[in-house]
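What follows is a pair of complexes built around chain A, which joins chain B in one and chain C in the other.
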Partner chain A sequence: MHYYLIKRLGFLVLTIIAASALAFFMLHAVPGETAENVARHTIVGMEDSVSAEVAQEISSKYNLNDPIWIQYTNWLSGLIFRGDLGSSYVYKDTSVMTLISLALGPTIILAIASMLIVIVVGIPLGMYCAVHENRPSDLIIRGATILSISFPSFWLALMLILVFSLMLNLLPVAGYGSPANIVLPAVALALHPTAVVLRIVRTSMLETLGQQYITFAIAKGLSFGHILWNHAIKNALIPVLTLLGVYFGHLLAGTVIIENIFAWPGIGNLLISSVDARDIPVVTSCIVVIVAMFLIVNFVVDISYHFIDPRIRYE
Partner chain B sequence: MSEEIIISPETRRMLPVKSIDSSKNRLYREIAKRPGFQVCLLLLGILVIVAIFAPYISPYDPEAISVKDKNQGISSAHLFGTDFLGRDLFSLTICGAQTSLLIASISVAVALVFGCVVGCVAGYYGGVVDEVLSRCVDLLLAFPGIIFALALLAFMGAGILNLIIAITLSQWAIYARLMRGQVISIKNLEYVQSAYTAGLPDRRIMIRHLFPNAIMPVLILATLDIGHVILSVAGLSFLGLGIPPGIPEWGSMIGAGKEFLRTAPLNVIVPGLAITFVVLIFNFLGEGLRDILDVHNDQVNIG
Partner chain C sequence: MTLLSIHDLNVRFPTGEGTVHASRDVSFSMESGEVLGLVGETGSGKSVIGQAIIRLLPSNANITGTIAFNGQELTTLKDDAMHALRGRSISLVPQNPSGSLDPLLRNGMQIGEIFIERGTAKNTAWEKACDLLVTVGLIPSEQIAKEYPHELSGGMRQRLTTSIAIAENSRLIIADEPTKGLDFHARETTARVLSEIKKRDNASLLLITHDLYLAEHLCDWIAVLYAGEIVEIGPAGQIFNTPRHPYTQALIRAMPKNGLVPLDGQSPSLMAIPEGCCFADRCSCHSERCSKEHPDLIQESLNGGVRCHHPFSS
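Up next, the complex of A and B:
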C-alpha cells in the first residue's frame, strides 16, 4: 500500500509537470507576437501599431528572447522553489500567484456547491429509478436525463437568468457575495453531471439488486428498505465514486463558461479574460491549476477506494 | 458479438454464407423493433439534408442586415423572428446547422481514425511503444473537458480550421485508450495468434484481424461523442474562441444575443433549442445503437 501510494504520488507530480510543460510550450510558441500583444493591451496609444523598440523592451523585460525551454525551466524552478508563477503582463505586473489565489476560492465554492447538488439529487433519484424499474416514473426521469445531457449548460444558464432573474425577479442576474448569487450558476453547472450520475446509480443499483446475496436477504424475510440501505447501497455506490472524481474535472472545465456568464470571480473567468488579453503567464497558470485540481481529486478518489472497499487491494 | 470474434478466418470461409448474413439481418430486425430509433434516423437524415442544402432552403440571406426589422417576434414572414441586426433567425439557424455538423463530424472522424491507429499500435506491440503512447494519452486526458481545446485556441486564435484541429487533438486520446483496451483483449485469441504464426505481416494482422473486431465500441463512443462535440464547439464559439464572426454558428449566436436577453430573448432561445434538438438526436441514436449492439455499459461510459 505504501509503495503504491508513493508510486501514484510520483506519477501525479510528473503528470502535472508534463501538463504544465505542454501548456507552456503551446502558449509560448509565438515569441515575436507576444511582446506586441502585450504592448497593445497595456500601453495607451499602442492599440494599432507597436514600435519595434517597445516590443524589444518588453521582450527583454519578460525574457521573451530566451529559448523557450530556458523560459520554461525558469518558470518551473520559480514555481517549485519560490512558489512564484511569474507576473502578469496585463494587470500592472501583479504576481500571477496573487491573481490565482484570489480566484481559487470562488471556483472551489462553486464546484463544491454543484457537487452537492449532483450528490443530493443524482444518487437518491437514481436509486428511486432502480427500485421502480420500467414504471412510468422511471421512464419519465430517464427521459429527463437524456434531455438534460443535451442542453448546452451555458444556454441553460441564460434561460435560468431569463426566467428566475429577469421575469420572476427572484434571484440576482450575476455577481458574487451573497448566498443567492450561487444558486443559478451551481444549478446550471450541476445539470450534466447530475444526469450522468443518476443513470450510473440506476444501472449499478439494478446490477446489485440482482445479486444472490440480495435474493438471500429477501428470502430471509428482511424488509426491502433494510436491504436497500444496509446491503445494496454500499456496493452500488462504488462505481459512482470514480464517476464523481471524473465529473469534478468536468465541473472545473464547465466553470470556465458558467463563471463567464455569471461574472463569478473564479479561475474560469480569469482564464477567459486573460485569453482575450493574451496574458500568457496567467493563462498558463490557470490551465495548470485546473489540471492539477482535476488530477489531485482523482488521486484522492483512487486512494479512498481502499477505505471504502477493503476487497480492493493495490499492488 | 463475442461469439463472432472467436470464429477464425478459415472457419468463416467454411460457414454457409447465410450465417454471416444473419448478423446483418439481426441488425435490421433490432432496428425494426425500435420505432424511436427509426424516428431518430429519419430526423438525422432530414437534418443532414437541411444542413447540406442550407443556403438554398433558407428563406432569407442569413447575412442580410436590416436594422429597421431588428428583434421582431415570431411572425409569418419570420418564422423564428429576427435577431438584433434584423437578420432572419430561421435562416441563421439553418445555416448554423451546416457549420455545427460539418465541424463536429470532421473532427470526430479525424480523431477516430487517429485514435484507432494509435490505440491499435500501442495495444498490439505493447512494451516501450505502448508505454510511450499511453503516457501521451494519459497526459492529454489530464486536461478536463474543453480546457485543452481552449488552450490550443488561445494560442492559435479563432477560425474554423483551428477549431477542428483543437477539437481533434483533444478528442483522439479517448478513442486511443478504448481501442488499446479492445486490441489487448483480443490479440491473444487463437485467430490472431494463428495469423501471426502463419507469418502475416503486422500491418496486415492489424488491418484485417484486429481493426474490424475491436472497432465496434469505439464507433459507438464516437456516435455518442458527436453530440458532446457539438456542445463543445458551441461552448467555445460562445466564448468567442471558435468561429470567427460572419459565419452563422449557434454558439456564437447565443454569445452575441445574450446582451439582448431581456428585450429580445428569441436571439438566445432559438439557437439554444437548435443545439438541444440536434444533440438530443445524437444522444438517442448513440443510446439505441448501444442497446442494439449490446455493448457492455462500462466499455463506453466516462467520456
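Up next, the complex of A and C:
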C-alpha cells in the first residue's frame, strides 16, 4: 500500500509538471508577440498599436527575451522551491497565487453544488428505474435522460435563465454572492452528468440484481429491502464511483461556457481571459491547478476502492 | 411423515424459438429425515425442480402441478408466506458457491445477516455464525469469519454456503450440485458435512447432483431424470445394484469405478421432445413400440418405479 501510494504520488507530480510545460511552450508557439498582447490589454490607448519602446520595456521587465526554456525553468523553480506561481503580466503584478485562490473558491462551490445534484438525483432515480425496469415510470425517466444528454449545456443554461429568471422571476440571471445565484449554473452543469450517472446506475443495478448472490440472498429468506440496501446497492455503486470521480474532476476544472454565461468568477473565466491577454504565468498556473485537482480527485477515488472493495488491495 | 410431495410438476420456459419443457410430469415424495437424490446429466431438469420448490425460477417460467410442503401448497402460496419459509423451513445450498456469496461482505456476515435481520443482536449473530463455521469445519472460525469470500478456496466457499443453509435448522435442505467443480478432497469433505447435517438435524435433504458417487454415499432414495422426466425411482441400493431402466444402467456403467463406459448420442432437445420414449434413440434394447408410445412411470411396488417398455427385471 505505501509503495503504491508513493508511486501514484510520483506520477501525479510528473504529470503536473508535464502539463505545465506543455501549456507554457504552446502559448509561446502561438503567433504574435507576448509583450504586444500584454500592452494592448493593460495600457490605455494602445489597444490598436503598441509602440516598440513599450513592448521592449515589458519584455525586459518580465524577461521575455530570454530563451523559452529558461523562462520556464525560472517559473518552475519558483513553484517548486518557493511555492510561488509568479506574477500576472496583466493584473498589475498581482501574484498569480492570489488570482487563483480568488477564482478557485467559486469554482469549487459550483462543482460541489452540481455534484450534489448529480448524486442526490442521479443515483436514487437510477436505482428506482432498475427496480421498476420497463414500467412506464422507467421509460419516462429514461426518455428524459436522453433529452438532457442531447441538449448542449449552454442552450439549457439560456433556457433556464429565460424561464426561471425572466419569465417566472424566481432566480437572478447571473452573478455571484447570494445562495440564489448558484441554483441555475449548478442545475445547468448537473443535467448532463446526472442523466449519464442515472443510466449507468440503472444498468449496473440491473446487472447486480441478476447476480447469483442476490438469488441466494432471496433463498436465505432475507427481505427485499435488506437485499437492496445491503447487497445490491453497494455492489452496483462500485463502477459508478469512477464515473463520479471523472465528472467531479471535470467540474473542478471549471466550465468555461457556463461560468461565462452566468458571470461566475471561477477558474474557467480566469483562464479564458488570461489566454486572451497572453498572461502566460496565469494560464500556466491555471492549467497546473486544474490538472492537479483532476488528478487528485481520481487518486482519491482509486484509493477509496481499497477501502470499499475488499477484492482490491494495493500491494 | 411425508414432508414434501410433488405431483405432476411441469415447468415450461417460453422463448423466442419455442417452449422449453424443462420438467415434465415429475412426481415424488420425501419423508422427514430422508435423503433423496435427483441424478441425471446436465440439462435433465434437476436444478429446475429444486428451484421450483423454493420458488426461485425466473418470472417467465410457467409452472403447473402441485408441490406440497408440510401440508402447504407452495405453487399457490402468497409471496410473503413463501418468503417466511425460505431460509427457515426450506433452504438452499446453491449451485455456484463463488457467485452466490456477496463479494463485499465478510464471511461471518454472509451467515450472520440472516440472524440480524430477524432481530438478533450483532454480537450474538456473529458468534452464531462462528459456531456454524466450526460445524462445517471452517477453522479457525474467528479468523475465517473476518475474511472475505475471495480469500477462500472453492471447497471452503462450498462449506460456507452449506453452513448458511443449515443456519436455521430447516426441515428441507435443497443441495444443488454441491460437489460441482470441487477436487476429490473437497468433495469428500462436502459429503461428510452433508451426512453430518442429516444426522444432526434430522433434516430432509434433496440432493441434486450428477455425482453418482456422492449420491450412492448419501441418498436413501434416488430419482433418475432424463430429458426432464423421472425415468426410474427407487431406494438407492436397488438403483445402484439392480438398475431397471437402460439409462440408469448406462449411467452406472459410466461411473469411473465401473469402467467409465460412455453412452453414445445426446439427450433430446427440451424444445422438441420425441413422441415415444425419450431415450429410444440411445437405447440398445428399443423396439418399434418405444419410438411410438411414450412409456408411463410404472409403480410396481412401494419400492419405486420405472418408465420403460422393456425394463430389466429386478
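Rule of thumb we're sticking to: the second predicted complex is superposed on the first by the 308 of 315 C-alpha atoms of A that agree within 3 Å, B and C clash if a C-alpha of one lies under 4 Å from a C-alpha of the other, contacts with A are read in each partner's own complex, and residues count from 1 in each chain.
In this section, a contact is a pair of C-beta atoms (placed from the backbone, for glycine too) under 8 Å apart; a residue touches a chain by one contact, two chains touch by 3 or more.
These numbers were taken from a predicted model, which means no experiment stands behind them.
By the touch criterion defined above, A:Asn230 reaches chain C but does not reach chain B. Touch criterion met: A:Asp309 reaches chain C, while chain B stays clear of it. In the superposed model, A:Tyr213 lies in contact with chain C only, and not with chain B.
For chain A, the partner touching the most residues, choosing from chain B and chain C, is B. In the overlay built on the shared chain, the residue A:Ile296 is in contact with neither chain B nor chain C. Contact with neither chain B nor chain C is seen for A:Ile70 once the two complexes are overlaid on the shared chain.
In the superposed pair of complexes, A:Thr203 makes contact with chain B only, with no contact to chain C.
When the shared chain is aligned, no partner comes close enough to touch A:Val13: not chain B, not chain C. Partner chain A is touched in their complex by these residues of chain C: 54, 56, 83-88, 91-92, 94, 96, 99-105, 113-114, 117, 148, 150, 161, 164, 168. Only residues 15-16, 18-19, 22-23, 26-27, 29-30, 146-147, 149-155, 158-159, 161-162, 166, 200, 203, 239, 242-243, 246, 249-250, 252-254, 256-257, 260-261, 271-272, 275-276, 283, 287, 290-291, 294-295 of chain A touch chain B when the two sit together in their complex.
Listed in rising order, the residues of chain B touching chain A in the complex are 138-139, 142-147, 150-152, 154-155, 227, 231, 234-235, 238-241, 251, 254, 258, 261-262, 265, 268-269, 271-272, 275-276, 279-280, 283-284, 287, 297-298, 301-302. Only residues 211-213, 215-223, 226, 230-231, 234-235, 308-311 of chain A touch chain C when the two sit together in their complex.
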